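Here's the structure we're looking at; comments come further down.
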Amino acid sequence: MSLSLDDVRGIAEYARIALNADELTEMTSYLNDALERVLEPITHFELDGVVPVFHPIGDLSNVMRDDVPSNESLPIDVALQNTASQEDRFFRIPSILGNGGER
Amino acid sequence: MSAYIEDLDAALIAKAVKEGSISALEVAQASLDAIDKRDPQIHAFIQVTPELALKAAQDIDNARAQGKELPPLAGVPIAFKDNMHLIGSRTTCASHMLENYESVFTATAVQRMLDAGCVPVGKLNMDEFAFGSSTESSYFGHTCNPYDIERVPGGSSGGSAAAVASGMVPLTLGSDTGGSIRQPASFCGVVGFKPTYGMVSRYGIVAFGSSLDQVGPFGRSVHDVALAMNALAGRDERDCTSQPWNIDFTADLNSGVEGMKIGIVSSLNNAEGVEAEVVDAINKAAQNLTAAGAELVEVELPHAAAAIAAYYVLAPCEAFSNLARFDGVRYGHRPNDARDLADMTSRARAEGFGPEVKRRIMLGAHLLASGVYDKYYYPAQQVRALITEDYKKAYEQVDAILMPTSPHTAFKFGELSNPTQMYLSDMFTISLNIAGNAGISVPVGFGSASGLPIGAQLIGPAFQDHKLLRIAASLEASYEATQCAPGFTKKGGLLS
Amino acid sequence: MKELEEVLKDWEPVIGLECHTELTTLQTKMFCGCRLSHDDEPNTNVCPVCLGMPGALPAPNKAAIQSIVLAGLATNCEIMKRSMFYRKNYFYPDMAKNFQTTQGPIAFCMGGWLDLEVTGAAARERYDDGTLTPGPEGGYIAHVGITRIHMEEDAAKMIHVGGIDGRIDGADHSLIDYNRCGTPLIELVTEPDLRSPEEARLFMEKLRQIFLTLGISDCSLESGSMRCDGNISLRRRGTKKFGTKTELKNINSFKSLHDGLEYEIRRQAEVLEEGGIVYQETRHWETSTKRTLVMRTKETADDYRFFPEPDLAPYDLSEEFIEDVRSRLPELPDARRDRYAQSFGIKRSDAAQIAGDPDVAKFFEAAMEGKDIKLARSVANVILNDLAGYLNAEGKTVATMSITPAQVASLADLLATDAITSSQGREVFQAMAETGKDPAAIVDERGMRQVSDLSALEPVVESVLEACPDQVAQYKGGNTKVIGYLVGQCMKASKGNGNPKLFNQLLSQKLG
């Protein structure tokens, strides 16, 4: 069952990628092509009872660090140096619901 | 005076600097000069860092003058794929999203090379966020293959391979998620090594597929790569998937392959789509290994065919999640006229990411959706278990497996324009990342038809990387020493 | 809307809680070495990891995992040796990576329970269908299942600027402070076993007592280090099928939890009885107007695209790890209550109150150190009456006050031996709190020693009887209650120092 334009619009909204009408069409055909040509084989294997491996790390487990401050917190100018908008010591973002005054 | 470093590998430079026959500053300047002259043609660099390089070189010369013992790679110019953080440089991932991103810390792998005495000359071009096999998707324009500037250098670490092949630096670092070190090494006629997952810290490397990514070196010899591994390998408490490792990778490097068993997977080597000149070159490499005393053994990897599908499930899923942080809030591109937060983020990502990045994010977001997850993601992790098991069984019979790195030599720009077609060309490299094992691409001459470099891939079991390098060194020894691409060599370098 | 009692006749409330607790007593965040201090200047305790900088990787805090195992052991959970972290993917800038690192289907702690003793007025909120398990002091016992406790990380704090009262709705822009981002957080989810607002309140209170006793958090509902959401639905009494639930958020006190749930029960009953539909939505308890308001409607369940966190190795906790944590398990409030009731002979309800707060319990035990257990009741009385009242009025806690256990023990002793009266006791307590002086010194200073010497008291009684012939006559006429007045006169004449019990005895003898 292939993905519709609406499906892809929903995914784009969730993934926060604005797509215009042409891009949406192109993306839809890409996704369907990838699913059919590249990914489809994964659905054909006999996998009953196969325990999945989520990490290629052998028996490595329980990796933890001690609860000791690293003293590696960033100076404020470094913490904020790559942001496009700041105010006082904060990161600044536009109105979340879009019904405020800022444009 | 201007020095020529084209013919010097890392080992020779470090030796010369240690002996005082050349200063680190001279070497650094030579590298920067070579970049000045050659990079306009190759475009391997996104950023050159002369201040960092000259400062590091000066420090080494000062240390030597004070009689201090120099670290093993003192004075060796190095450049890093631009997904690796280095304080004092931008880290762009070849993306408009991070065009102006200043590194706020230095990646562990980068730091370890600097601690080993390497001199950082710049940051290297790549496919945007490492999604690609040709370096064509870089926001800053493609890198050219030094053997034929009409052709791609491979990818995603195309800049890392081309910089070494064109003699601008002897050593670079790249990252490999599905072949991104080995395939460009093959295309550019240099050595590229993807260590076992967990061998090298990923801390400070902008993540693509967290369970697949691994950092590794490029060089013109296996020995240089082994020297780099001596610096890189080992546990980093900042990367919880890194593992303790302390071994001298150069110790047994020249001990040969006498009595070793090398696996051949005939069904793979002769698969549809593998060019005849590649098959020939690999057969020749196999003969050379036999001549060196190894025994060839036919092995099976029954689930190899599933690797590409599994990879293109797992990698986009992890990439989708890893790239979610690029929302324009704390860093990265941000439109300045957004209506609201969602508009700001959606447009930051639409404008900041190139088409392939968006495609992978969208694919991952779809594959993880409830209901879809069970159809693709979960089976892909089961397939991962089967592939890992296949390798385990094969390595009970053999010490390493020999196969092509890529089914073909470097292709022309735009030749593989369909993204899914490009994906299918990763057939030899991908399964290794899924299993987490090590692999290396070694130059094995030039295609009889194309005249372009061909790489043979040797792959080995997890955490037997030193043995794999030893086999690679033996294979390498059966060919003429790897040179820079023609047009970039300069016989009669500084030490002659 | 109908009153709760009316509603309960026809409807059965089904309540489940989700309780988030920050592990405030740790030094560092969940996945990085930044300090846990939310009150510092904005964005002081931030690093590449908790700012979600590209290339940063998480490194889990061992002490946080020990804390959650401790919480699991204290709430009768099974500790799962094998579990993994997962990524919960959603875009919201208070989570710097735009995913939260949390746990998947298997959490560190699964399948626990707590029993609640519901007594007094609280018991009346539950409809008695005759199947309730009776409690030791009346009321009933509610058995509440705990589905799981999982480990995760807290979000950043946001300030919404330009709207009314800092609300997000209508705000002009927002500011983000990542100091809190990455704080170790444990989320406990209960089974839908709770049946009344009081049970919900008691559960939270008990959980808070346990976590305080474990020392894993300061558990402040006010500051938000302990937060609770309630899921509530109604079903017709006698039916099994769950109704549509609403989720109640913004609860910052035990009272809000109770009142918010009670309101929701009554609101939902009204909607259902009018033939309406309860929508699955998130509602927000507004304390000022005492009602719940819709925050957002969930049309479809959020799809968080969970998948195992590839940057973190799975857990395979060893027996030694778990046993090491178990060995640090302190005496829990219920056990402590039983011990106080049994070995000190104090009332079970008093014992429960003292045992419920680890600081108070510690204070009580310090006051009783080396003392006769007969003193326990008096010490408990001073703590639960004088001390509790004082702390309440002053807005202090046992940890921040200057009164010592020895002072309380000494006051309790003065009271237990009838050296001072209870009203003098209150005065001494007040003076002790204000001046820091010892009770004995205060009593001496103020000449308050209760006089129990009969030879000193007899003359006082004689003179009062003489001065009050009317009352004497009334007493003899059968109105024995008038003796109270006479005791009062004796106290007055003795300037409050006479022992009222002995005055009473002497008066009865003389009049009898």
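So that you can tell them apart, the chains are marked A, B and C in the order they are listed, and the count of residues begins at 1 in each.
Everything that follows uses one rule, which is that contacts are C-beta pairs under 8 Å (C-beta built on N, C-alpha and C of every residue); 3 or more make two chains touch, one makes a residue touch a chain.
The structure displayed is predicted, hence computed values, not measured ones.
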Selected interface, A-B versus A-C, where C-beta contact pairs are more numerous: A-B
Identity of the most central chain, Cα criterion: A
Distance from the mean Cα position of subunit C to that of subunit B, given in whole angstrom: 57
Chain centre separation (subunit A, subunit C; CA means) in Å: 40
Whole-Å separation of chain centres (CA-atom averages), subunit A against subunit B: 24
In subunit B, residues with contacts to at least two other chains: 101, 104, 211, 237, 240-241, 320, 324, 327, 329-331, 341-342, 345, 365, 369
Overlap residues in subunit C, where contacts from two or more other chains coincide: 48, 51, 59-60, 91, 93, 174, 176, 303, 310, 312-313
Shared interface positions of subunit A, touching two or more other chains: 14, 16, 54-55, 57, 60, 63, 65, 74, 79, 91, 93-97
Contact set on subunit B toward subunit A in their complex: 100-102, 104, 197-198, 211-212, 237, 240-241, 243, 303, 305-306, 308-310, 312-313, 320, 324, 327-334, 336-347, 349-350, 353, 358-359, 361-363, 365-367, 369, 375-376, 378-386, 388, 419-420, 423-424, 433-436, 462
Residue ranges of subunit B touching subunit C (in the complex, touch as defined): 83-85, 91, 93, 98, 101, 104-105, 107, 202-207, 209-211, 237-241, 317-318, 320-321, 324-327, 329-331, 341-342, 345, 365, 368-370, 373, 377
Complex interface listing, subunit C residues touching subunit B: 48, 51-60, 87, 89, 91, 93, 96-99, 174, 176, 303, 305-307, 310-313
Subunit B-touching residues of subunit A, taken from the complex the two chains share: 3, 7-8, 11-19, 27, 30-31, 33-34, 37-43, 45, 47, 50-58, 60, 63, 65, 74, 78-79, 81-85, 91, 93-98, 103
Residues on subunit C engaged by subunit A in the complex (per definition of touch): 26-28, 32-35, 41-48, 51, 59-65, 84, 91, 93, 159-160, 162-163, 168-178, 303, 308, 310, 312-318, 321
